[in-house]
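Next, two complexes with subunit A in common: one pairs it with subunit B, the other with subunit C.
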Partner chain A sequence: MKKVHLAFAATLLGATAMAAPAHADVKIGLLAGVSGPIAPMAPPMIDAAQLAVQQVNEQGGILDGQKLVTVVGDSACNPQNATDAATKAVNIEGVIAIVGPYCSGAVLAAANSVTVPAGITMITPSGTSPEISRLDDKDLVYRTVPSDDFQGRALARTLLERGTDRVAVAYLNNDYGKGLAEAFKSEFEERGGEITAFAAHEDGKASYRSDLAELAAGGADTLVIFDYGDGAGLTMLRQALENGFFENFVGGDGMKSDAPIKALGAENLTTFTASSPVGETSQALELFNEVFKAAGGDPDAIFVTTSYDATFLAALAIEKAGGDKTKVAEALRSVSDGRGEVILPGEWRKAKELIAAGTDIDYEGAAGDHDFDERGDVPGAYALFKVEDGAFVVDAEMK
Partner chain B sequence: MDFLEFVNFYIVPGLVLGSIYALGAVGITLVFAILRYAHLAHGDMATLGAFVAFAAVTLAGVPLYAALPIAMVATALVAVGIDRLFYDYLRERPRIVTVMASLGVALMVRSVVQVIWGVDAETYTRGIVRPENWWGIRLKDREIATVLTMIGLVLCLQLFLMKTKWGKAMRAMSDNPNLALLSGVDNAKVVFVTWMIVGGLCAAAGFFLGLNTELKSMMGWQMLLPMFAAAILGGVGRIEGAVIGGLVVGVVEEVSVMFLPSEYKAATAFAILLVMLIVRPTGLLRGKVL
Partner chain C sequence: MEWLGLLNYAVFMAIFICIYALLAIGLNIQWGFTGLFNAGIAGFFAVGAYTSAILTSPPEAGRVGGFDMPVPVGWAGAMVLAALVAWPIGKVCLRFRSDYLAIATIGIAEIIRLVIKSEDWLTGSARGITGIPRPFGDLPYIHSQLAYLALVAGVLLVVYLLVERQIRSPWGRMMRAIRDNELAARAMGKDVPSRRLEAFVFGAALMGLGGALFAHLNRAITPEAIDPMVATFLVWIMLILGGSGNNRGAILGVAVVWVIWSFSEILTDRFPPEVAVKAKYIRVFLIGLMLQVVLRFRPEGILPEPQRGAAAKEKR
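Then we have the complex of A and B:
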């Protein structure tokens, strides 16, 4: 009886294998924070990733002319959703590599419980927590965005240079907020700055006035907020402005969102600045900007360059690895190690030919060269942005 | 810290927050008392109400406070519809089935909000409103409106329950549904009236939450725990208890920051809920034991 069942199952399996097209699509997972506190940032990031996929498919496809497709999952910027979405992408959709998730906590959870055990390479375009560097990831987790360890320190130095030496720090109690705040604190204090209050807060509360009162009690007139501009950071900024707790406000990259401008009005944000990673001006960046603008995207939106690069790199690595998911990580390092023929954004056909010929290639992306260090990190450049005419403009470069 | 500072930055925000919790808790306590289950879609119905008011303000150009009654009526009708579609069908099954169904309804309502209005943070009015100084106490007009409307709505509800036929029927059903049925109370109508009231209160809670902060698709869900804590603290089934519970939870959350690291603020409602269930399960005003 058992044998009959087995035979039947085998026939079925054979039938499905035959029914499948000879060239199955090659899938990569795109774990985006579609809902949750960074939801407004997600659509341009997804568009940028889809642009890379579109270029691959227009220029000969991946591997043997197969189609590269993205499987979009919602990581909702929290660990549970990210784990669910990653599990679905890896186990059900059978993706070869993952781009995302967008939030640090989500990256850590998805990597620890799903992708690292499954041996899937993950490239996050926006998970910036220093914790990700410390992850025991068997060399499978990469990012195209610099660690917040750099950003926190750069922001601390910039503030001190501008003569702000007493600040209060409020940070969101998650991997992102905490990592950034701690990097900031250590550099700020080391260089002689004084932090009068340093407090975490939870997301999603209706009132932060008592938190703000405690923060203001130290007497600093500058509040540094490491939070999301569409989440608690916005509520906090509003209540601090309305009640006059602080005069100046400084945010990290999460605060560089259009939500504060839309909700509070640019006229109320004259003393608000936010730091954010910027692409160093390069031929690659110009190339990307041009194409992305032509496709109807906004190249100045946050994390679009890193998102594009992460996706393009994933495609290059899959091509180089010949579609073998166990070799993707190794291939990823080899296509971006600074050695070989330079490949710029969009040059898929050229890259494909070179890989086929066995030549070394080196991708230089819109956001940077992406020469990953041993922890899968990239160095970065930052700028401080201020609000002018209802949009963020660069106020100063940060070193 | 002087006394005025304490009032301005801890007590006033606590009372405003508490009024919003109270509006939600009154609805939760009514469902508990009359229908006898925990309604987990309460927070997301509040979100829906807030966004209906948002649509009225932005699309139809309705004045801000006039949007409140519109949202209340609309959400009340949705609440009745949800009851007809999902809960009514499960009335004879064990209560836990309905509780789980309400969790599903919560996710559906939230998704509908996200599909229609998106996931960006929205506000009723652009810009910021600075508080006015009333003899040293700093209040915004919307904060005064929040507290006064809460008190007004609860007084109306109390009068309705005490004086009208349907109010008395609701109380009868809360005390003993079988006896109420035998005495000729039409259960279906009582359920209808209950959901109308609960839906309206949900919308009011959502509206004032949105007015005092921003509108987000997760806003109601995140208020669910403090609202339940308030309902249980006050005594399940007791309207005035829910109000007191809401105000206590709101003020304790704000004041807790003085004594605890601020990341534990969100846990205060949990702590109140736990302590109350252990020490005095009937709540402050001796409600039902669950």
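Then we have the complex of A and C:
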């Protein structure tokens, strides 16, 4: 055992000595879920993050004209690999800040055992579990995606305002679906709504007809689905429509995907609405969409806006903190606190000049304004979308 | 600063190796010494992790506990409950042989995983359990890492010595006799079903302990950690590669597989960015390739089971 460790340490020392970089790049860690359950979602998210990095490098680089580079680690959506990837990013690569991991369980583990003890700031673009708000994180963990708690509650209030007070709820049994469903349920019932059925389902089944039959047995004509529109959510929606289990369908942001429109046809989705976070300054979102599309990306892919914002914010914070990793968290708050000159996605040169001049800046991102609250969360702005002419359009703002 | 980072990384890896070594030794007792094909390691790992989490975390509305008990109580509880869960399972399933036992245990591990994912009042379901205390967790980064390593290494050493002692004892001889020729062992008057059940329960308790150590390391446990890929099949690869029937082989297998897995990512990151992300899949391929090579050229593993007794002397 001891021998193994010694031999291993020797190899490690040797390899790192060889690989030591000669130039001083500024590194940020990108703990992506490259393999594992969300592998299909990861590539566009990585591309969006790389776009932010590319813009920084094209517009004068970071700090004294240094190059910003990302170190992509594979968190594989589980704590084992996430802590391993975070340890490498922090200790071997010497990153100044971390964007990721992508899954909530991985965020919790990596924050608790690596980044918080090491004093590294972490911004997750897609960890939505309410547990992340409760981390004892010394103010080092942030997210650019709203906690599921916010969206679930906002959706409950909006539905009640629109006069829907009896619904059945189906949710995917993971932290995403569950978090949304729980928040929705508690707010909906608290405000006098009635939930006739509340059931979890597993991903990847060929048929959800028995689940749907049970959900419909309660007599509600509206089904709320917290799932992904290109996964089990689509199957459920199709089978519910085919068999006429429900009349109205409401989804969370995961359901706001082009997959149902392509697979089921817009004409069949007239009673389908989905809530989704929207950028409050839509100009920022348009700007991002344009650039990302030009770079060959799909701006409608899930979590690309939050990924981009997390990376751009990390870069701004590093610039503001002068590259001192102990000041990144503080700087992150100051570049996004809603005070100062507005910076939109891609405006790196402007931001850099303002920071150098000592002017306050306020980043307004593609996914929202990102004014972090005391727990490092963003409240998020939501809208209810409906399908019109084969695309999603805003039906109503949500409060 | 550089060497401190390296040390941190090496310590983290060593902690991980110690935790997985407990799982591998547990499996070794079941498979290596007794011939029980348990493909449900993740289930016992999960029972241990969640038991310790519930016992030691602070009280939480809407779920059982936490009971805020001292950490050692949590670890002991993890072993006891994992053993208690294993007992009825063993009682029913150990009548199956090899493949059938594997199928049954996979199924049971999956049942445990789904229960954990769904039962809010018990495990917090998909949100998991947070706020689990980590021994020495309040020390600065490297100190806390070293202290935790000392703790898990100590636990591993004790477990290793006790298991070695047990395997060398008449009990261990009897287990090997049952594994190699069950009929002969039965003819000698050995109570085969009870012995097999003992090995199954004993191994499961160690897996539970491994789970508990893992939960405390991360101060949180979520269902993502008990994915069969990382909690069952990875352990199997480690044991087969290192050498089943040999505890040192089991530990070596864990170290080799984990080092390849973790270290190869540093190497793939040296590739240009366009391919670096795709290259991460090479890591999975490498582990598979290594297993193939070992099975082809050294099916008994890197450190094979030592020949014991008269047969070993004759061979010399």
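Everything below uses one rule, namely that the second predicted complex is superposed on the first by the 249 of 399 C-alpha atoms of A that agree within 3 Å, B and C clash if a C-alpha of one lies under 4 Å from a C-alpha of the other, contacts with A are read in each partner's own complex, and residues count from 1 in each chain.
As a working rule, contacts are C-beta pairs under 8 Å (C-beta built on N, C-alpha and C of every residue); 3 or more make two chains touch, one makes a residue touch a chain.
Nothing here was measured: the structure is a model prediction, and the numbers come from that model.
*Asks:* Check whether A:91 is in contact with subunit B, with subunit C, with both or with neither, and answer first, second, both or neither.
*Replies:* A:91: touches subunit C, not subunit B.
*Asks:* Which of the two partners, first being subunit B and second being subunit C, lies in contact with A:50: first, second, both, or neither?
*Replies:* second
*Asks:* State whether A:103 touches subunit B only (first), subunit C only (second), both chains, or neither.
*Replies:* A:103 sits against subunit C, while subunit B stays out of touch.
*Asks:* Just checking: does A:40 make contact with subunit B only, subunit C only, both, or neither of them? Give me first, second, both or neither.
*Replies:* After superposition on chain A, A:40 lies in contact with subunit B alone.
*Asks:* Identify which of subunit B and subunit C touches the larger number of residues of subunit A.
*Replies:* C
*Asks:* Should A:130 be classified as contacting the first partner (subunit B), the second (subunit C), both, or neither?
*Replies:* A:130 contacts subunit C only, not subunit B.
*Asks:* For A:80 in the superposed arrangement: first (subunit B), second (subunit C), both or neither?
*Replies:* A:80 sits against subunit C, while subunit B stays out of touch.
*Asks:* Would you check which partner chain A:32 touches, where first means subunit B only, second means subunit C only, and both and neither mean what they say?
*Replies:* In the superposed model, A:32 contacts subunit C only, not subunit B.
*Asks:* Considering only the touch criterion stated at the top, classify A:396 as touching first (subunit B), second (subunit C), both, or neither.
*Replies:* Neither subunit B nor subunit C is touched by A:396.
*Asks:* For A:259, using the defined touch cut-off, is the partner it touches subunit B, subunit C, both, or neither? Pick first, second, both or neither.
*Replies:* First partner only.
*Asks:* Quick check on my understanding: which residues of subunit A belong to both its subunit B contact set and its subunit C contact set?
*Replies:* Dual-contact residues (subunit A): 34-35, 173, 200, 202.
*Asks:* Quick one: which bits of subunit C touch subunit A in the complex? Just the residue numbers, please.
*Replies:* 1-2, 4-6, 8-10, 12-14, 16, 114, 117-118, 125-128, 130-131, 134, 140-141, 144-145, 217-220, 222-225, 227, 230, 248, 251-252, 255, 259, 261-263, 265-267, 269-270, 273, 276-277, 280-281, 283-284
*Asks:* Which residues of subunit B touch subunit A in their complex?
*Replies:* 1, 5, 8-10, 13-14, 16-17, 20, 114, 118-123, 126-131, 138, 140, 209, 212-214, 216-219, 222-223, 253-258, 261-263, 265-266
*Asks:* Could you list, by residue number, the parts of subunit A that touch subunit C in their complex?
*Replies:* Residues 1, 4-5, 8-9, 11-13, 15-16, 19-20, 32, 34-35, 43, 46, 50, 70-74, 76-81, 83-85, 87-88, 90-94, 103-106, 108-109, 112-114, 117-119, 129-131, 134-136, 173-175, 177-179, 200, 202.
*Asks:* Using the touch rule from the top, collect the residues of subunit A that touch subunit B in their complex.
*Replies:* 34-36, 39-40, 173, 199-207, 209-214, 217, 230-231, 234-235, 238, 241-244, 259, 262-265, 267-268
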